[in-house]
Amino acid sequence: MKHGARNNITAKVKSVKKGDVMSLVKFDSISAQEMASVLTSESVEEMNLKAGDQVRLVIKAIHVLPVKE
Amino acid sequence: MKHGARNNITAKVKSVKKGDVMSLVKFDSISAQEMASVLTSESVEEMNLKAGDQVRLVIKAIHVLPVKE
Amino acid sequence: MKHGARNNITAKVKSVKKGDVMSLVKFDSISAQEMASVLTSESVEEMNLKAGDQVRLVIKAIHVLPVKE
Amino acid sequence: MKHGARNNITAKVKSVKKGDVMSLVKFDSISAQEMASVLTSESVEEMNLKAGDQVRLVIKAIHVLPVKE
Amino acid sequence: MKHGARNNITAKVKSVKKGDVMSLVKFDSISAQEMASVLTSESVEEMNLKAGDQVRLVIKAIHVLPVKE
Amino acid sequence: MKHGARNNITAKVKSVKKGDVMSLVKFDSISAQEMASVLTSESVEEMNLKAGDQVRLVIKAIHVLPVKE
């Protein structure tokens, strides 16, 4: 299977909290070879992002899609 | 700073590809203690997600927000 | 009304499951003349996407905005 | 493969417009058995959404993930 | 027109920067009576969010949908 | 702190409605100097968006990230 998303993280389910409509799933044993972000070139300039910079990647849980093979 | 997102990944910028409006930034040296996903409880049931399951977390690059302190 | 989104699907509400904060709405009788996806050019190359290819379009329910006129 | 997204649309690639960083892909021959939206219960009440209602589902192209098997 | 999104901001277009595939549009004269965020209850607890708190609302430009009547 | 998002809105928490998994937070006293949207150049053309146009910016609550300093 090939998909049009740049980020593929391998992880193990740690816990599942099931709500009435939405559920929150936690993962650990996380590994990723590379990650990618798309942002405006304006933001890249304002942040002065360049190779070697240490950053934090912030992602809302709603944007994380678990896939099981 | 505290923010309302469940995922915080530490990473190092590897490359920046600047386009006319949007840019693609790649990261390596990725580390995260835990990750989280919010999905419908219906999806959790259909996938039969439970502690110990091995999964892939797929995230479109557009949903990754770099933060520099 | 004109809006800045490429995808407009006509559908009929089949069921509404109301939760405490979030609700899940299902639709059928779906019709769309065309759909569109924006992804990185890198993903297009890796997937080798070209006219005629059969694909599945995966969309998290949270990204679907119902509009009623 | 099982994934945590409620919407699976079968489609055929019609055109690919490749930009410097991002690309726009169009699809036709669209078919979906069912679609789903998650929104606040407050929005459901204000829209008075109920079975049988005719709606439009608006989705930004950036939220559509093509998958090729 | 009624739609299933909690945030409606009135604004005036200030500039349009057109790229090959994506464009960046800037707005000013911004007014909104109320705004809303949906996040995990866990995040609300960790941030200790309560009435009266001063916050910043951060939104990626890709998630802003302009509508013209 | 510098982050890769174009929109920063100052606001005050008005109410918090805590659900089992997700919560809905409302804000008032909203102020923003400028806002930005990224959309396809095709949408810009179809909407004929140009400086001076009055628009509404529609944003799903799930895409709003509160940050507290």
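Every chain is named by a letter (A, B, C, D, E and F) in the order it is written, and numbering of its residues begins at 1.
Quick note on the criterion: contacts are C-beta pairs under 8 Å (C-beta built on N, C-alpha and C of every residue); 3 or more make two chains touch, one makes a residue touch a chain.
This is a predicted model, so every value here is computed, not measured.
Engineer: Among the remaining chains, which ones contact both subunit E and subunit F?
Structural biologist: Touching subunit E as well as subunit F, we find A, B, C, D.
Engineer: Could you name all chains that are in contact with subunit B and with subunit D at the same time?
Structural biologist: A, C, E, F
Engineer: Which of these pairs, B-D, D-F or C-D, matches E-F in more than half of the residue pairs in contact?
Structural biologist: Selected pair, repeating E-F: C-D.
Engineer: Could you let me know which interface, A-C or B-C, is made of more C-beta pairs in contact?
Structural biologist: Per the contact counts, A-C leads.
Engineer: Could you work out the angle of the rotation that brings the CA atoms of subunit B onto the matching CA atoms of subunit E, rounded to the nearest 5 degrees?
Structural biologist: 120
Engineer: How many angstrom lie between the CA centroids of subunit A and subunit E, rounded to a whole number?
Structural biologist: So the centre of subunit A lies 21 Å away from the centre of subunit E.
Engineer: How many angstrom lie between the centres of subunit A and subunit B, each centre taken as the mean Cα position?
Structural biologist: Spacing between the chain centres: roughly 1 Å.
Engineer: Where does subunit E touch two or more other chains at once, residue-wise?
Structural biologist: Counting only residues that touch two or more other chains, subunit E contributes 2-6, 18-24, 36-40, 42-44, 47, 49, 58, 60-63, 65-69.
Engineer: What topology does the chain touch graph have (line, ring, star, complete, other)?
Structural biologist: Its topology is that of a complete graph.
Engineer: If we count contacts the way the header does, which residues on subunit A are in touch with subunit B in the complex?
Structural biologist: Per the touch definition, subunit A meets subunit B at residues 3-16, 18-28, 30-41, 43-44, 47, 49-69.
Engineer: In the complex formed with subunit F, which residues of subunit B make contact?
Structural biologist: It is residues 1-5, 21-22, 38, 65-69 of subunit B that touch subunit F.
Engineer: Which residues of subunit F touch subunit C in their complex?
Structural biologist: Going by the criterion above, the answer is residues 17-20, 22-24, 37, 39-40, 42-44, 46-47, 49, 58, 60, 62.
Engineer: Along subunit E, where are the residues that touch subunit A in the complex?
Structural biologist: Touching subunit A from subunit E are residues 24, 39-40, 42, 60-61.
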